[in-house]
Amino acid sequence: MACQLLKGKRGIIFGALNTNSIAWTVAEYCFKEGATFTLTNTPVAIRLGNTHDLAEASKTIVIPADATNTEDLKILYEKSIEFLGGKIDFVLHSIGMSKNVLKNREYHELDYTDFLKTLDISAVSLHKLMQTAYQNDYLNEFASVITLSYIGAHRVFEGYSDMSHAKALLESIVRNFGYHYGKARNVRINAVSQSPAYSTASKAVAGFDKMFDFSNQMSPLGNATAQDCAGLCVALFSDLTTKLTMQTIYNDGGFSNVGMSSDVLLKFT
Amino acid sequence: MACQLLKGKRGIIFGALNTNSIAWTVAEYCFKEGATFTLTNTPVAIRLGNTHDLAEASKTIVIPADATNTEDLKILYEKSIEFLGGKIDFVLHSIGMSKNVLKNREYHELDYTDFLKTLDISAVSLHKLMQTAYQNDYLNEFASVITLSYIGAHRVFEGYSDMSHAKALLESIVRNFGYHYGKARNVRINAVSQSPAYSTASKAVAGFDKMFDFSNQMSPLGNATAQDCAGLCVALFSDLTTKLTMQTIYNDGGFSNVGMSSDVLLKFT
Amino acid sequence: MACQLLKGKRGIIFGALNTNSIAWTVAEYCFKEGATFTLTNTPVAIRLGNTHDLAEASKTIVIPADATNTEDLKILYEKSIEFLGGKIDFVLHSIGMSKNVLKNREYHELDYTDFLKTLDISAVSLHKLMQTAYQNDYLNEFASVITLSYIGAHRVFEGYSDMSHAKALLESIVRNFGYHYGKARNVRINAVSQSPAYSTASKAVAGFDKMFDFSNQMSPLGNATAQDCAGLCVALFSDLTTKLTMQTIYNDGGFSNVGMSSDVLLKFT
Amino acid sequence: MACQLLKGKRGIIFGALNTNSIAWTVAEYCFKEGATFTLTNTPVAIRLGNTHDLAEASKTIVIPADATNTEDLKILYEKSIEFLGGKIDFVLHSIGMSKNVLKNREYHELDYTDFLKTLDISAVSLHKLMQTAYQNDYLNEFASVITLSYIGAHRVFEGYSDMSHAKALLESIVRNFGYHYGKARNVRINAVSQSPAYSTASKAVAGFDKMFDFSNQMSPLGNATAQDCAGLCVALFSDLTTKLTMQTIYNDGGFSNVGMSSDVLLKFT
């Protein structure tokens, strides 16, 4: 498969905390396909995780940045462009955090300061990332931007709480900035709505194990893995998909279009 | 049509600023159908608008409340329950405001403090309204809650800017709180996604006139009016629709399912 | 509730086979709301069922018609208009039949003659019904047409087989004829996508009991019943909803927007 | 781009009539990416078109087959497997024909024999293609099947007539057979919903030119071309997307998520 599909392309990858992160695997695939990129995360996450190991393996650098801070994002772009030797061709936005979820608050007991923070970190950050790039022309024409989403944006999953709202907002930003950046510079922006996957973030969701199993049994191909996500990201970053934009693409083994599988039916007697 | 369909039902109606407000017409219809209700808005809006005239005509009171403030919402519910003589059977949430739209900022020049305020006022307020009711059991079983939305939640309309994001978030809250409140107390929550209509709020949207005309020419039945919205709200508040919940209902003359009408086609030569 | 909401309206109701039929309950509700209507079904169904009892209770007649035969449909309209004393204001299309389902054939063992018959009977019949009315101007302006659908049109349910295809086709006809008849005569056409309900037809679907339970446990308000459907149909036939068209309305206790309920989650350990 | 992404994969490509056909370009791309495949079409289409030129360029053969005839499909698979030296890894189903459209009949003047033929040729043929493969195990595990669709499946476009119904049915077959073949053999089936493109088929649609322009002006990236479609097909046939199934993927420059573009707005004064 590794056929240098991304040769010559320069990117920025958010959210590769450790080997459990989807973004980590995406970075590995992009590297194999010939891309160069920088890695970024918040200073705290960088300290807690192993991003530097990945940077070494990918012959690149780690640039700390708070994705809710447009000044940080500006520095991130400028350092990346300098290090990579040119404007950016692709971005992976893999960012999500909810204190309401982490603290296991009931949906009818949400803290509103934390709710707005969930939205700011997990969704508005994509707008900030795009607005910063747009205003300073940091992206090459035909650049490709991907953010990771979940079907909780459209249907209710207990335990996913205000993250469902962040994802709904996120996909709306994908559509709107996709429109504006598309018209201006042919940049495309898409969301990949991925099966649940074990990661540092997902472990915080109450009842995640059961949700994972249910999803797996509903999906005719089973849950899509981080590797499956990385494959799709490579395709979406490549020149094979230059007119595909403003979409949410379900990479979920079929889950989103199954109403009831025979496996789950067996649980009912 | 007025056949006392809402007889005995007690409600709270937000957003009846003046005779151009959709909420104003909804209130008139509810009154004709035999409902009793209180009216509410922010103190500023009450000062600027004519809500007291409507209150007089509907034999009710106006209770000022900032919908982003849960303390205000608590007082609103308690005063309403006291005035109406029992718990609440229906609520109309018709609230939306964006400084980014009012100040006509480009989509790639958004102010983020204002963006988060848009979300808080236009969407999170519905969550606060429901959480306050849920925690204090202010709603009767089988109560019906409606919020007003717009198809900008799903497709891009230039000029609608961060209001599109607020509506996407709003419809996500409809789904999630509809699930939780439905399980707990059989309360139903729906969004009515309405055609564009001339109101104090819509006048702020850049290019609104053209959007209105386009929408009208795309819709086989033409744009739905405030009267059309009020009719549907009566149906959704009534006992005719007790199992309909968590939905976005398009009351738009067909717009949402038209790709291209013959009238609009005529503009292309 | 019975407040003569449909007073003066004339209708045609398909599919009221026996007291288990949703159409039967819709007819009862319409009668209570002051509507007059005729009843129709295929000659065979009329012989097997109890439609004449319902006719007696509703002070009306039964007109046999094969809904796939446009000559029959013409006669049906003309006799109905004669009996009711005027053009038609509302139609309930509740028709579905699949030999592939009845014979319990696997999805990869479909008989194609039967598949095309399923489509013709369960979906194309709506087009024939509308085309016959359109060509002969049998419907009053602002008439309201409802067909019954199921979420199998959009997601896979094992056992629902080629009926899922019929429903997808049916909803597409709703959209397209809704557009054309709307422009021409302000006629509105909608699909009500209903929870599974026990009826003569549903009993034929393999594993229906389990599907019913699953659906019930996924839906925060439980499955919508025939009574719930009849209430919504009254609202959609009435003047409360004259701009609502070309839509699929989910009357399903919330099922369509639930990804995973806590009740179903309990089945996973 | 040509990096042998499909090396070793064996396919069958329907519908490459002449250089205007999308399928023609898909075949060229697949060839460049290292795939081997056979070409097929109806005997009449083969006589009228230039499929043999493409076969020569792609070092392959043309196998005539009527896609509505399961016997023909069986022969097609067996000859293909024999010529290619192994079971099939990918299929492109690009088939559509409506006499109602060709004869420019109004939507309320459809001929029903032709309507059912439209469905049989343009949609049920995919089921026949899959059922024949399923019963005889003609596809390799992880095979990828693509059919071409259009957004007319979901929204009304004047002139698209009963083809809109065929596409709605087609996408429903994608979901259902995707489920069953996915569970059985990990085969994935997707629809690519493509921008309007000039081809022998599209020229038959009344008002196609205007529809093309409207679509182009609504889409921030402009209409996707046959080349764009071919790129996406390569990605979907490749191993980059093995968990993506049962979906309709919009390859349309963003059209599907635009409500109103600034370019189209200019037409309204």
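All chains are identified by letter, namely A, B, C and D, in their written order; residue positions are counted from 1 within each chain.
One rule holds for everything that comes next: contacts are C-beta pairs under 8 Å (C-beta built on N, C-alpha and C of every residue); 3 or more make two chains touch, one makes a residue touch a chain.
Given the structure is predicted, the values throughout are model-derived calculations rather than measurements.
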### Task
Going through C-D, B-D or B-C one by one, find the pair whose contacts repeat those of A-B for over half of the pairs by residue number.
C-D
#### Entry: Comparison of A-D and A-C (more C-beta pairs in contact)
A-D
### Query
What whole-Å value do you get for the distance between chain A and chain D if each is reduced to the mean of its CA atoms?
30
### Query
Counting in whole Å, what is the centre-to-centre distance of chain A and chain C, each centre being its mean C-alpha position?
42
### Summary
Among chain B residues, those touching two or more other chains are 154-156, 158, 175, 178-180, 246, 257-258, 261-262
### Query
Mind pulling up the chain C residues that touch chain B in the complex?
1, 3-5, 175, 178-180, 182-183, 186, 188, 195, 220-225, 228, 231-232, 234-235, 238-247, 249-254, 256-258, 261-262
### Sites on chain D touched by chain C in the complex
70, 107-110, 112, 115-116, 119-120, 124, 127-128, 130-131, 134-135, 153-156, 158, 161, 164-165, 168-169, 171-173, 175-181, 246
#### Entry: chain C-facing residues of chain A, complex
151-152, 154-158, 207, 210-211, 213-215, 257-262, 264-265, 267-269
